[in-house]
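Quick one: the structure is below, questions incoming.
Letters A, B and C mark the chains as written, and numbering starts fresh at 1 in each.
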């Protein structure tokens, strides 16, 4: 079988595809982390902010949910590079300076997922019975302590299922980062397809790897969920 | 602010709007049909039908839309002679149809899950009550199950519709000059990414806003908690 | 109380009970007012409780009794009036939007660890075990050594009959057990005053007894308690004094047994009658 050597031979495509798959996971993880940060800020503004902050957060959410992710990626890549080139020009360097693609991809995925993560955090926050917050205040806890000891642990538990969904979304969105040249799984498949003229084979391989990543990580999330929800279930 | 530039940009990008709409509408309609088929297959009770449907949903929900698109547009090119023999080559050579096919197949998987969720949310008691007052299965489906399931599934489906409108932008990667295609071409030519992003974003926002409003209106019409409401 | 004309209600204070010659004042609420929007819930309510007093606060729903209790530990901030807890006057300040808020966060924390609260809906933290619930405030708010707190918490849980449940999560406990755990949690900060906000109202009738028993035990220990309740038996026989609120004002107050035996106002007489089936 010719495709056997193609992937598993000494100079086969197996290794580059696998490392590209790792890149996809790394990119998605950092996107998730950045998105969690942005999302927490957005959720905070939507829960506890004043009128101005709340409307601002609402506007950001509406925009992020209504505009294609691809456009956001372009904005970050070309916009960021534009700024960099402009700064470079001021420093005496002429020419186009590209933003590091991993960084751009991370930022773009983070921003794109922030709106969803904010919703997840907000829902999780609202799932905490108000009385538990009152009990914390009545016990003399100040904001920071209450946030750390009562809110965060519970929000994280309630948010896990929603975060699992967001994670799947980010994983699949990470394929879009291939358009700015980051060699993640899809890009690697593209390169392989181009140089061997066997696109169907290479895209199938990438497809299978995506399936493995999404289903294995989905399993991990489900496992974490059942573990973390243990205290909330009646025996 | 360079208003003249913004204006020309907006006008240029609006030129891509018909294509964006066409892509969205055809893939949503096709995908809706596919979703119904998948749901029926999964609910059929026959393993021969439900297993392939489940596998299909698993694959299409577990992989990025972009790779599905590449698979169809570039991947199937590997079988060009066979496709030419079958007379399908003109279809698979056309980026428009490939985009529609990929998006329709993708949304079919998601929508079938949404329909399944809606059907699953119908309380058994409502079914029993319908049976008890003598409804036959088909009448029960039409008068009780579907009305309840649709109300339950509508918010999730509205989300899916918005995702599909946004997904049309991927067609630009396989050379379609819809709104995002025109926008990326302009960005590459002028490097004025922020203004162009704003204009393109505005167009998509308007689209998704209209869509959300329309679904909200429908939800309101179907709402069962509305006071003095006449059920639609 | 033989007087035929009563002194002004709001300022009327019962004479100290005989068993303590030198009463130590634990709680003094002076002319508290509180509005929510256009509705004035408290219209100048005063209340004093000395060490060892168990004061029942009665009233129909909307009389302001829960709001009064929540003003003691500033879960609600009164619009005007004074709160003096264990001799310490709690300072308030006006915010720019006209609402008054506690002025000093450190003082607020002090007040809240001195006056522990037991809620109608228990409000145990669902992500922590019973033992963890009890040691949460002493360890993290008061900064006491964890080991001491655990020992103490186990003794407290033993006292409320929940020693065996200490490593369970709240969700697996019955309502009565959850409320007893909440009482243990309240005791863990060594409070000088206990505030009970309808502690048995959310319980199934057969579970009320076990909670009341624990509360009666606390009263017999000589703890200072304010209890918003609908349990007439507790108010009459356990609490030393009773305060009856009606539409944001004190309608009647006095030593409990006497007040129940000889109600002075029609409203309170009606109230007792309605409560007894």
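Things worth noting here:
In this text, a residue touches a chain if its C-beta (ideal position, glycine included) is under 8 Å from a C-beta of that chain, and two chains touch if they have at least 3 such contacts.
Molecules present, by chain and UniProt name: A, B = ABC transporter permease subunit.
Keep in mind that what you see is a predicted model, and the values were worked out from it rather than measured.
Across A-B and A-C, it is A-B that has more C-beta pairs touching.
Note: the chain lying farthest from chain C is B, by mean C-alpha position.
Separating the centre of chain B from that of chain C, both taken as means of CA atoms, is a distance of 57 Å. Chain A and chain B have centres, each the mean of its CA atoms, that are 22 Å apart. Averaging Cα coordinates per chain places chain A and chain C 48 Å apart. Across the interface of their complex, chain A is touched by residues 73, 75, 105, 108-113, 116-117, 119, 121-129, 136-137, 140-142, 168-172, 182, 185, 189 of chain C. By the touch criterion stated above, chain A contacts chain C in their complex at residues 129, 131-132, 134-142, 145, 149-150, 153-154, 157, 230-235. Residue ranges of chain A in contact with chain B, taken from their complex: 62-63, 65-72, 74-75, 78-79, 82, 171-176, 178-179, 186, 189-190, 193, 197-201, 203-204, 206-207, 210-211, 214-215. Residues 58-59, 62-68, 70-71, 74-79, 162, 166-170, 172-173, 180, 183-184, 187-188, 191, 193-194, 197, 200-201, 204-205, 207-209 of chain B touch chain A in their complex.
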